[in-house]
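Below: one structure, written as structure tokens.
Going in written order, the chains are labelled A, B, C and D, and every chain counts its residues from 1.
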Amino acid sequence: MIAINTKDKKIKIGLEIHLQLSTGKLFCKCPDMNNSGIKGKFSRKLFPTENESGDVDVAALQEERKNVIYEYEVSDNSCLVEADEEPPHEINADALDTALQIAFSFNSEVLNAVSVMRKVVVDGSNTSGFQRTAVVSTGGYVTVNEKKVGLTTICIEEDSARRVESGNDHTVFSLDRLGIPLVEISTAPDIETFQEAVDVAREIGMRAMLTGNIRRDSDAIRQDVNFSMGYGRVEIKGISKLSLISEALIAEENRQKFLSEAIGIFLERGGFDGTVLIDYTEKIAKSESKIIQKGIAAGNRIFAGKLENLGGILKSGNYRIGKELADALKLFSIGGFIHSDELPGYGITQDEVNEIKKFLKSRENDAIILISIPESKKDIAQDAINKRVEKLLSLDFSETRAANEDGTSRFLRPISGSGRMYPETDIPTIKIKNSRMVELNSAAPKSFDQALSSFTDEWEISRQEAEIILATGRKKEFIELAKLWGKPREMSRMILQSIPEIERKYRKKLEYGDLKTLVEKIATKNYGRISLEMAIDQCISGKSIEEVVISDDIRPLDRNELKIIVERIRKSGDIRKENIIAKVKNETNRPVDPKIVMEIYQNS
Amino acid sequence: MDFARGTKLTIKYNGNVMEVTYISRDEDYLTVKLQNGYNITIPENKIDVLKSSEPQTVKKKRITLKHGNGTPISLITTGGTIVSAIDYETGAVHPSTDIRRIIDRYPYMEEKYTIAVREFDNILSENMQPEMWIKLAGVVKEELGKSHGVVVSHGTDTMSYTASALAFMFESLTGPVIMVGSQRSSDRPSSDSFGNMEGAMAFSSTNVGEICISMHSGTSDNSISLHRGTRTRKMHSTRRDAFRTVSGKPIAEFKNKNVDFLSEYKEKSDKISLSDKIEEAVSMVYFHPGLSGQDLEKLSEGKRAIIIMGTGLGHISQSLFPSVRKIMSMGTKVVMTTQCMAGRVNLNVYSTGRELKKIGVVSAGNMLPEVALTKAMYLLGNYPDEDFESMMNMNMRGEIMEREFLGDCY
Amino acid sequence: MDFARGTKLTIKYNGNVMEVTYISRDEDYLTVKLQNGYNITIPENKIDVLKSSEPQTVKKKRITLKHGNGTPISLITTGGTIVSAIDYETGAVHPSTDIRRIIDRYPYMEEKYTIAVREFDNILSENMQPEMWIKLAGVVKEELGKSHGVVVSHGTDTMSYTASALAFMFESLTGPVIMVGSQRSSDRPSSDSFGNMEGAMAFSSTNVGEICISMHSGTSDNSISLHRGTRTRKMHSTRRDAFRTVSGKPIAEFKNKNVDFLSEYKEKSDKISLSDKIEEAVSMVYFHPGLSGQDLEKLSEGKRAIIIMGTGLGHISQSLFPSVRKIMSMGTKVVMTTQCMAGRVNLNVYSTGRELKKIGVVSAGNMLPEVALTKAMYLLGNYPDEDFESMMNMNMRGEIMEREFLGDCY
Amino acid sequence: MIAINTKDKKIKIGLEIHLQLSTGKLFCKCPDMNNSGIKGKFSRKLFPTENESGDVDVAALQEERKNVIYEYEVSDNSCLVEADEEPPHEINADALDTALQIAFSFNSEVLNAVSVMRKVVVDGSNTSGFQRTAVVSTGGYVTVNEKKVGLTTICIEEDSARRVESGNDHTVFSLDRLGIPLVEISTAPDIETFQEAVDVAREIGMRAMLTGNIRRDSDAIRQDVNFSMGYGRVEIKGISKLSLISEALIAEENRQKFLSEAIGIFLERGGFDGTVLIDYTEKIAKSESKIIQKGIAAGNRIFAGKLENLGGILKSGNYRIGKELADALKLFSIGGFIHSDELPGYGITQDEVNEIKKFLKSRENDAIILISIPESKKDIAQDAINKRVEKLLSLDFSETRAANEDGTSRFLRPISGSGRMYPETDIPTIKIKNSRMVELNSAAPKSFDQALSSFTDEWEISRQEAEIILATGRKKEFIELAKLWGKPREMSRMILQSIPEIERKYRKKLEYGDLKTLVEKIATKNYGRISLEMAIDQCISGKSIEEVVISDDIRPLDRNELKIIVERIRKSGDIRKENIIAKVKNETNRPVDPKIVMEIYQNS
């Protein structure tokens, strides 16, 4: 192994934080929540189109080669707009306001006019073939550990359709997520350590939460990471947890490091003239390898190919060029290949390996591969491998990768060019009035601490409770419930303790809408906290709200009822100030107001 | 600050220096494209332009159409969404004649068809006037002389009007004339224009001898329907499957590169016959509560015929009868259709109908009102007045369906 | 030879002596009923009348409506097919107020409902004028004061106009107001009036607080749909299932004596609020190729507003723009709807739309054109001019659907 | 048995002959032939309506009580008119002409104006609830065995929907037959013997056939018979074969004879006060009778009833009052009952019978019945039995009955009154021009013999062949084919002999449309009879017409081809004028023109 010509290996990291808003969808009146199953299905093809300067975008073209039919499941929170059967409506004013408020809170320069763009995306995740997106502000910063990390832009955009199923010849999406507003906050590549990346992401997320309009779904916040260490910019998309950010960065650093080393070896050996796939089916038809036999049975041909100078670095120690090639093939729905670093193996004997090597005139440092695909895919596979090797050889690793759940990532597509963008002509430029700007700016939380203090002051709840409510984005819900209930402290305790306990008991969640109805109805009846808790319990246990609310069980005992009970207890003997409450509670399952009991006890 | 579109600018905005491309101006706002592709719109007074350089000419990658041994098809372009492009000045979509980029999507089509593109006009279909039907008919006739079939790309707004007008003008055709449009402009990856055009080409190489319309069968991209020009309406303003054969089945369906016929059609003939006169002085009147006799009379002034869209089986308020009599006494024909989306006019069932019949109002059967319009324009242009009623009642081009079935679209 | 209808005659015809009943005369022909029930029509000069005897008075068997303890429902009759009978003079069907024979079909209804019948008028619905909407609204208000709900029997031709007009006039209702009609007259065994009325009664005893229409869901007699008055059109001239909720689901379905709700609705309120002014000077214009600016101007003379049914997303020929400007400069409002059966008007998408928007044309969203008409009549009657555009754009009575779904009727 | 007060027992018979026309349907443009399966289904209810004088017809009301939902199968020869979703179109002019022609041919007085009526029929066989019908002529006569039998009216009407299935709670009809034009020819009750009835029916049918517009379907001609022997008029509907007419009349005469005798006995015993059904379920629950047990298992109740004075005449010898009662019950979907004339039986023991008799206080001449029905049907059943007994007691047997396939009949409904009729308002009165009358009159065949003579003369075919063609209604087809083919005699032989032979061979029918196409195409090619027969054979055997017509097999050998064959035979030896044709035919499967062969033989 020799060291290749190294550049300055300074690490640069930028983040793009995407936050889903709970304001309803961006360009139609659909809610952001989906309540029921699949309402129907339809299928579409997508064709890349030319942008305004006549270029077809590279990323778009690559997707086209996949030539897939996309299927869409219609959700109950989608309408003709999501189906691309109707032009977008006016932009959702609440969503735009939220984006602007976030921009103000990061001191980003808000634009007076918002121009909506179409960003071409032909992987099927947008029925239109593009994502609608608009810059709402430029510049700004976030301060973490006393360092200012710059922001480049804050955008508002539509979320894409949720991928439900990826088969060989079809991909299925649900329309439930399509069109939910996303605020995208992009930082400059000012971040220098992995921990700093995590801290910046957390700070941005927490601050945005203060608007109260961030969704609380599991994938409501997603991070993209831009990483470079000298081999070009790699964009890792779709990291759903904060904790995975540093894992993903570590994995990527290692990948590039070992990849560059392996390429160094490869280059030293003399590089590569391109592989030619040769039909080897007849020659290997008698092999006992299951992979080979299954392939033949399925009508595939078995192709053999020589990869010059790639022997021993496809999969050996830390070197994994094989995986790079496999990822490239996967884009064309080619499941993978067998290479000589893994052989003998997969039921292929050493003799068979030797024979192939001989057949292909393979030299010592060369690798050989076997690939089982239909005849029609031969050229695609050959091309994909050669293009990928060529790209690696350039030592420009820049590309877009998708995050895996385990912290690693996989090749997705080349970095998209600016050619992907053209104006959304169905939506006129949105001018923002100065008065609106001023109002939003003043409402924008300038720091989490400041917001926390004013929230604690206003609602008179503990700082700890307030912090949890704000950081988990439940500000809006809390305010609504507290106003209905009248006693904010009781309500915060209810939200943060009682309800989660009941939910754990039944392993079932209470819908927010149901909770709100219950609180409203119980409050109207002037019943107390215990009644409410009982009602919540019954509701989670499966009873209907109507039933629960009129049931006698939750009605507190009135003074007369309590008097009778107290009398009964008194007659039965031992009764003291200390045990009277417990004794009364023992006599009934219904809510009891201790104050009244005590009054009765003392006045009698 | 005025620049040519595409001028590269170095500007200072909000303290930052940026390389941008000039796009357009709207009052005090400039729209510029950032390097990441976004357009932003900013007040002119917030910008300092540091540098500007002339726009580069845009390189267009174009594949010219091969002229092979495939079925010869003429493609006549008239404009419309199917060939629309973005107007960066107004920000809106405008018509374009560049149809090749649609055909380029299906390389196999270049083997199968030898396509000659003929630019007829380049307008939005709402601007189509009867006089242009006549010109278009002439071009269709010319092109059918050279090709197996003709495809006419057309805006969807008035496509069914043009289709039915052409249908009446051509008594016989030597090949299919397939009109095609799209509901999503072809600058979008999701445009239906690609599929609709693929279907139109396939339909235009069959032995159909009628004027038809080729559009999406459903919201999915898997099927294109062929509709009879005289039985089709645009039924939805935005959906892909907006066009429907009213009260019947489509003539054919294109699915998996294959044409399946679903109902009867007229085969192509060995001669072409065109009567291309059109009487423009025909109007449509939509009856509604509150419509006065005066309204009716004013609209009928100078008209050779009026097409009333009445209610139900073909009714209007009895208070309008004197005006109808007056209009007819001036020699204006009055044709009764129904504003119900489908179904037959029948002036025998109710007393209102019987009286209208007695006055001499012509019943249009189950002809679509728009088709009754083009038919009246055609008849008054080419035949003597006294034949008007009997020819209106005669099924000339499949415009009157003698039988309607349960289960068919209405 | 002139006799009273029903006169018993002994005649000699073609050598035979026959006992017949005199029915009618048409010029030189007499129609008489034979003893086997057939009518025959014979020339007067071929008959000798041997004897004649005065017609007997017809005995009608009638069951009067019980007034029990059921839900109190008011039934307001306005005429229409649902209560039509045969006119033996013209041989045609004419309206009748006798609705009891429909209710008599379902004995259980007499237990369930206490029905008060109120005769409003007895006209064919094509003769319904805006001024009658006002009167009808007054009667509806009166009856709702006495009953749980109101059923209005109405001819189908303009039923949806009346329904949407009433819907606008009533901002809140204390009970359901269900309009009901029929497509087959109730003199036929196969009439849909029985089922439609059964459904209407059931709907009128729910907690709906809207003006709705109750008609057959399909061709079968097993289901009746409840449609929102502001979203319904008569879509077929003759079928039982002519009425459809355009771009949406019906509010409810009546099946097996049971009401199932399918979509959201406004519940009845505890107070009734009626604004009953109507501006009659509003007209509809159906745009079509060949429509001239002069036509448009003539129709707009003296109108406070015109509702244009444009093409597609709401377009008209650019050649009409000067006339539109002129009309608007006279103070006439111009509202744009689409002649497509369904879908939204959107003046942002194409350059034609953007220009119309700039001129000041009001976009009607996905309001049905007929509903835009009644809404304009209502707004101009009850609100100041300057609120017209914003109120047209506001969803007041479910007339604008903010969301349209794939799979719903259009 | 005593003789009851007898009237004059003179038998009077009238006929109504219904003939389906092959002109396409009467009030829409649908063809009369159905070509394919079920296109859809729908269901309807029917309500009897008042006629113009405010009376609800008796027959109609009876049907209503059945309260059935009718299902309809949509056929491909039906449209919205048959579905009662569109008003009728104008009357079919061909059909009306045919009816008028028939009227003229029987010297019936044709009306100058046709008024279409609605005849209320609420048994579901008409989707509208009525049948459209119009008198086209009155009077006229038919001469049979030198006796003039008078006609009353000739009508044109719509045929009803075809009953496909009759279940307990639903009845299914097909729309294929609905709306086919029927000509109804009604005779006066002038017929006095059963044979005369058959002869008159035959003569009317044959004469109508001469129009060439009568359908040739199996149920295209149906007869109704009116019979009276002093107990009121009984109408037996739907006799589909001529041969069944006399059987049906014999059966009806016997029925009335024995019924009147049995009623005589019944009356003498003292008649009847009406039965009361009593729930007997608990008492008989332990019976081993399967009928009883099955009924109980299905949730039925077992009712017992006493029929005073009907013992021994419900089912005994020729007496069958039991069947009359069972028929009446069937109308309400009640399957039947068990009566004492059949008991012990059906697993019910004598002891059980005795117990029931005791329970019901049954006297010697009384009958008892058991009936297994749901509780809800009790009143209906009781009412039906009592009403039927009452009717029989009146000795007025007048009613409408339906013919069974075996010559017997069953109760259908009371005789319909004239109240069933009211005007069809959707069709204006049809005035018939005098010129059209004159033309149709002159074309009308005045007798079969006369028509036969002129047909034989015109087409120069044998009288026997002509008779078959005319009597089987194939006049129109023959004329069409003969004109196409040019040689009428060959064509008549083809139709009457060759084609039936080939059809028998393959057990398959040739469609008329296909035959016509074949004749036309073969005639155009100037091929001969043998070619045509071969083509027909191939077509019936399953080849497509296109294939057959261009096949070389059916092309006659031309002169040159024949010359070669004749030469070859000559060389091989024995060849004479007598055997040359046979020898040539032996050499080929293709058609050979003997005339040409002979010419070649003689000229060579």
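Going forward, a contact is a pair of C-beta atoms (placed from the backbone, for glycine too) under 8 Å apart; a residue touches a chain by one contact, two chains touch by 3 or more.
Predicted model, so just to flag it, every value in this text is computed and none were measured.
S.K.: Hey, which pair has more contacts between C-betas, A-B or B-D?
M.R.: Greater number of contacting C-beta pairs: A-B.
S.K.: Let me have the rounded angstrom distance from the C-alpha centre of subunit A over to the C-alpha centre of subunit D, please.
M.R.: 73
S.K.: As a quick test, compute the distance in whole Å between the mean CA positions of subunit A and subunit B.
M.R.: That pair's centroid distance is 44 Å.
S.K.: If you average the CA atoms of subunit B and of subunit C, how many Å lie between those two points?
M.R.: It comes to 32 Å between the two C-alpha centres.
S.K.: Would you kindly tell me how far, in whole Å, the mean C-alpha position of subunit D lies from that of subunit B?
M.R.: Roughly 53 Å separates the two chain centres.
S.K.: Going through subunit B residue by residue, note those that touch at least 2 other chains and give them in order.
M.R.: 87, 92-93, 219, 238-239, 313, 343-344, 346, 348-349, 406
S.K.: Return the residues of subunit A touching two or more other chains; collapse runs of consecutive numbers into ranges.
M.R.: 42, 80, 83, 85-87, 425, 428
S.K.: Determine the shape of the graph in which chains are vertices and touching pairs are edges (line, ring, star, complete, other).
M.R.: other
S.K.: Where on subunit B does subunit C make contact in their complex?
M.R.: Subunit B reaches subunit C through residues 87, 90, 92-94, 124-130, 133, 156-158, 161-162, 165, 219, 233-239, 242, 280, 282-291, 295, 298-299, 301, 309-319, 338, 340-346, 348-354, 369-370, 373, 377, 406, 410.
S.K.: Which of the residues in subunit A end up touching subunit B in this complex?
M.R.: Of all residues in subunit A, those touching subunit B are 42-50, 52-56, 60, 69, 80, 83-87, 109, 111-115, 117-120, 122, 127-130, 133-135, 138-139, 153, 155, 417-423, 425, 428-429.
S.K.: How about subunit C: which of its residues touch subunit D in the complex?
M.R.: That would be residues 6, 13-16, 26, 29, 31, 33-43, 58-61, 86-88, 91-93, 101, 105, 184, 186-191, 194-195, 218-222, 238-240 of subunit C.
S.K.: Of all residues in subunit A, which touch subunit C in the complex?
M.R.: Listed in rising order, the residues are 28-30, 39-40, 42, 74, 79-80, 83, 85-87, 89, 425-428.
S.K.: Can you tell me which positions in subunit B touch subunit D when the two form their complex?
M.R.: 313, 343-344, 346, 348-349, 402-407
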